[in-house]
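Below, each structure is written out as C-alpha cells.
There are two complexes below, and they share chain A, which is joined by chain B in the first and by chain C in the second.
The block that comes next holds the complex of A and B.
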C-alpha cells in the first residue's frame, strides 16, 4: 500500500469537492427553489438566504395551485401515482417477458436468434416520435389510446430491450456445466431455470429492472402523445405549471423533488447492483 | 447397468469430434477413457449424460435406447472437471441436490449427505459455500454430489485434474475402493496414465475422433496398438528406435549399434521392412561386456525415481535409450556400459502407419477361435 502525502490528499479532496459541487449544484438549487416563492426565486441577484416556505408542497399535495390569476386545479399527486403505476407495471411485464427471452437467447442457439435479439435492441435506436405518429392512429382505432394498458404496452419499447440485453449477458456468464449438473442430478428444465439460472443472474435482473424503471419513469413523449390528463405521469403533468400567469418555478421545483425522490432512493439503495449489472452484463453481452 | 454406444458421431459445426465410436461397458465395470485433450472424452461423457445429443448413432443404458430421454431421467451421477458446484448453495445443498430431485424426506436426506460427506472427509465443511472451500474440498463435494443418490451409473470427468499433487495421490488410492463400494458402472475420464492404470478395469484410449484401443491396463501397456499409445503410457517413456528386421544365423534380428538383437520368430514377415522397435525401460538391463547380444552404450544421466532408477544412455550412433532398474540395485552411473534386451517384451511397429505389428502366432490363434 503506497502512502499518499498530505498535499496530495488535500488536492485530491479539493478535486473531489469540485466535481461533487459541479454535479450536485443543479439538484441542490432545485431543492432550495422548492422551498421558495416565485418572488424570491426570480429576484436579482439570486441569494441562498430566504425564508423557507412549504406552500409549494402544500399546493402540490392539495392540488390547488394559487396564482395571481386565481386558483388552478392540478392533479400532481395523480400524476405521481400514474408514474409509479406505469413504471412498476411496465418493468414487471418487461421482466416476465424479458427474462425468459433473455435466457432463450443466451442458451438456446436457434435459427435467427441473433437477428431477433438485434431487432429487439434496435427498438432503442428508433426515434420515439417516428414510432408514435402511426401508433397514435392505431391506438385510437383499437381503443388503446389513453389507457394504462396501451401505455404499458408502448413502454415495453423502452423496458424490454434493456432487460433483454443486460440479463442475457448475465445468463451467458453462468457456466453451462452448473445447469447441466443440476439437470443430471435429476431436476427438470423448469426447476433448473428457477433454482439455478434465476438466482445466479439475480444481480443482473435487479440491475436491469432498476435501470429500466428509471428509463420508464423519465419517459416523456410516449405519455405526452398517448395519454390525456388523467393517465399522465409526472414528466408530462409538470407542463401544468406553465400557467397563463407565468411559470410557477417554486411548484415546478417541488414537483421535481417529489418526482425524482423515488428513483433517487431506489438508485442509492441499489447502486452497487447497478454498476455491477451494467459493467458485467452489458459489456460482455 | 450396462452402457452401450453404437456408431456415435458428433460434430460441432464443421469440427468433427467423434466419428463412429462404439463402446460397451459392463455392469460394475470401471472403464477409463484416456487420451490427450481434444480427443473427445468429455463430449462422449456428455452424450451419455444426455446434455448433448449425438448426430448419429445410439446410446443404450441397460438395453434401453436413450434417444430423447432427458438428462434428469437417465439416473446418472456425474462429476465435472471444473466441479460445476452451485455457487449459491452450501456444500450440504450441493450434495443434497440429487436427493431433493428424488423427493427424499429431510431426515433421510440429512443422513445420506452426512454419510457420503464423512466418507469423503468433508463433513466439517458442509455449511460452507463453494467459494469458501479449498480446491480439494470442492472436488470432494462434486464427487459427493455425484455419489449421494447412489446412481448405478457414474460418469467422472477428470475429477482429479484441478487438485494438487498430494490430494491426487491420496484420491488415486481411495477411489478404487470407493467405486467398488458403490457397485456402479463407472466411466472415468483422465489424461493421466497412472490414474488410468490404477482405476480402470479396462482402458479405452481415445485420439483422432475415436477409440484407438480398448483393453486391460496390462494390454495397453504391453501391447499398445500404435506408437502414439506406446508413448502416452509409461513413465519414463518407451524408447522407440527405427530398425529394419533381418535374418542372421537363422534368427529374426534387429540391429542396434551393429549388434543383432534377437526378435521373436513371429516377426519373420517383417524382414526387410521399415519398422520401429519399442523397448520399455524395464525390458532393458545392464549386463557385462561379454554377454551375448550386449549393446555398447554411453551413460548420459541417471535419475532416481522413488521405486526405480532411470538411466538415459546413448548408443554409439547417438540414439537415446531409457533403461530402468529397481532402486538400490547396482548400475553404471557414467561412461561406457552394456545393455541387453529382453526379446519377448520388445514391441515392433510399422514405421509408415505407426501401428503395432501383431506377432503372427497371435493372429493365427484368433483365426482358429473364429
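The block that comes next holds the complex of A and C.
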C-alpha cells in the first residue's frame, strides 16, 4: 500500500498544474485568438473577455482574406489538403518500405547491415538545407520539382529513418523463439513475418507511423523550396497571412487550430497503441 | 535398427566458411529411431548450434543432415517435420496456453475431439492442466517452459528437439517430470534430441549421450559407457559429480612392482601382476601418463598413499572429502558420515581396476582398469 501525506499530494497537484499550464496555455491562447479580430487581439492589456467571431474561420474556408488593403485570395483549405495528402502518402510509403527493412535489420545479420542502418539514420543528422540546393537542381532536371511525387520522395528523408529505427527496436524486443516456434510448426518465413512479427510489433509500428506523420506534417523547409503555391502544405501556406497591411493574427490562429487538429486527433486516438506498446514488455515475463 | 537422423561431417561457421568462428567441427552422428539423445556440454560448446542446424534455423556450412531417409540440410524448417521445445519465451502471446499447445495439431486438421484429448493428456503429464486457459504473459517462466515442451511433445513429428526444456523448473518437479517425459516419448515411439548442460538430466533421460566441447563431439555413447569408459580427459572430468581426480604420473617397474610416481613426491605402487600385460606394456612404453580416478573409487585404508584432509562435507546422503595429495587435491566420496577434521592425515587406496589412463598430450584415453581403450 502506498500512502501519501496531504502535503505531498498538494505539492504534486501544484507541480501537475504548472506543467499543464506550461504546455496547455499556448494552445488555449491560440484557440481563444482564433475567435477574435485583430483589434481585440492586439488591445492592451489583453483580456479573455471578448465577443467571439467566426470571421477568421469563414475567411479561411472561403479563401477570401479581408484586409484593410482589400480582399486577398488565399488557398488555406488547399494547403490543408496538401498537408494531409503529403503526410499520409509519405507515411504509407515509409511504412511499406521501412517495416520490412526494419525487420531485416533486426533479425538478419548480413554484411554491412549496421552500416546501412546507420547511414539511413544519418539522414536525420544533416541539416535539410545541406541537401536542398543540390536536390532542387536535380529535381528541376528530373521534372520532379513541384510534384507530389517529388515531395513525397523527399519526405522519406524524414519519415523512413524514424520508422526504421523505432520499428527495428520493437522487432528486436520480440523473442526470436516465438517466430522460430511458429516456423517449425509448419509456416514459412513470410507468413511468420505477417502473422507473428507484424502483430506483435503493431503498437510500435503505430507509434512510429504517428510520430513520422507529425514530423512530416510539421515539415517546412523542403516544401518551401520544392513546392509552389498549389502544392504547398499548411506550414508554408501560413506565410500568406503575413500581408502588406500587417499580420493577420486572428487568421493565423485559426489556421493553426485547423492545422493542428488532425495531428491532435490522431495522437489522442493512437494514445492507447502507445500505451500498449509500452506494455509489450509483458511478453517477456 | 533404423537410423532416423544422421549427421555427416557437419560444420558450422559463423561468418565466411573457413574463416569465421568455427562453432561446430566435423560432427558425425547417427540417431536410431525411437532413441533419446542428449547433447551435453557447457555453454558455447556448439550443442545449441547443432540443434538449430537440425531444426533448420541455422544454415549448415558443410556436411549433410539426413532425417527420415531424406537430406534436409538445405530445406527450410517448415519442410523438415521436426518439433521443438524452446528454453525461453516462445509461446504465441495472443492465444491461450491451450491453443498454443494445440496450434500445430489444429493446422494438421485433426478432429477436434482428438486434439482436445491429446492436449489434455500432455498437459496432465506436465502438470499444467490448471493453466490451460490462461495467457502466456500471466504464467511463470517454469509454466511457460512446460507449455512450450507440451507444444512440441504433442506433435507427431519425425524428430523432437528439446532445447534445455527444464532449465527453469524447480528441482522436485524436474525429477518428477523427467521420468514422465521419458515414458511419454518411449510410449509414443518418438525420436528426441535433448540439449542440456545438466548431466543428471542427460543420464536420466537419454539412451545415449553426445558430449561436446569446443565444437567437437568428444564422445557419443550410453550413459554407462561414458561414465566407465570416457574417451578422453575432457569427458572423464566433465561427466561425473564430483569430477574425476586427475594426476600426472611417471610409470616405472622394478622387482615385480609397478610404480606411478606422481608429481609432488608421492607414488602409487601396485603388484605388476595386478595389470593385464597389454595395459602394463602400454604404460611402461609411454612412461609419462595422466591417471584419472573417480571420487567413488578412492578409499581410505590402513595402508596407502598419504593425504591430508582439507575439507569434509556431509551432504545428507554422502560425504565429500577433499584432501591434499601429491601437490594437488584429491576428492573422495563416502556413503557414511566421515568423522574427519581439517588437517587430519589419512591414507588413501586406489584399486588398479579403477584407474583410467590418458595420454598427457592428446588427452585420449589409453586404458580403463584392465582394458585398453579402443
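Keep in mind that, in the parts below, the second predicted complex is superposed on the first by the 271 of 285 C-alpha atoms of A that agree within 3 Å, B and C clash if a C-alpha of one lies under 4 Å from a C-alpha of the other, contacts with A are read in each partner's own complex, and residues count from 1 in each chain.
The rule is simple: a residue touches a chain if its C-beta (ideal position, glycine included) is under 8 Å from a C-beta of that chain, and two chains touch if they have at least 3 such contacts.
What you see is a predicted model; the values in this text were computed from it and never measured.
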Review point. When the two structures are laid over each other on chain A, do chain B and chain C clash or fit?
Key: clash
Exercise for review: Could you tell me if A:194 is touching chain B, chain C, both of them or neither one (first, second, both, neither)?
Suggested key: neither
Exercise for review: Please indicate which partner A:12 is in contact with in the superposed arrangement: first for chain B, second for chain C, both, or neither.
Suggested key: neither
Review point. For A:272, is the partner it touches chain B (first), chain C (second), both, or none of the two (neither)?
Key: neither
Review point. Who does A:43 touch here: chain B (first), chain C (second), both, or neither?
Key: neither
Practice item. For A:64, select first, second, both or neither according to whether it touches chain B, chain C, the two together, or no partner. Key: neither
Practice item. Compare chain B and chain C by how many residues of chain A each one touches, and report the one with more. Key: C
Check your understanding: In the superposed arrangement, what residues of chain A touch both chain B and chain C?
Key -> 175, 177-178, 180-189, 196, 199-200
Check your understanding: Any idea which chain A residues touch chain B in the complex?
Key -> 175, 177-178, 180-189, 196, 199-200
Practice item. Report the residues of chain B in contact with chain A in the complex, numbered from low to high. Key: 46, 49-51, 70-72, 74-78, 80, 82, 84-88, 97-98, 100-102, 145, 149
Point to revise | For the chain C and chain A complex, residues of the former touching the latter | key: 55-57, 76-78, 80, 82-84, 86-94, 103-104, 107-108, 136-137, 140-141, 144, 148, 151, 155
Practice item. Using the touch definition up top, name the residues of chain A that touch chain C in the complex. Key: 175, 177-178, 180-189, 196, 199-200, 282-285
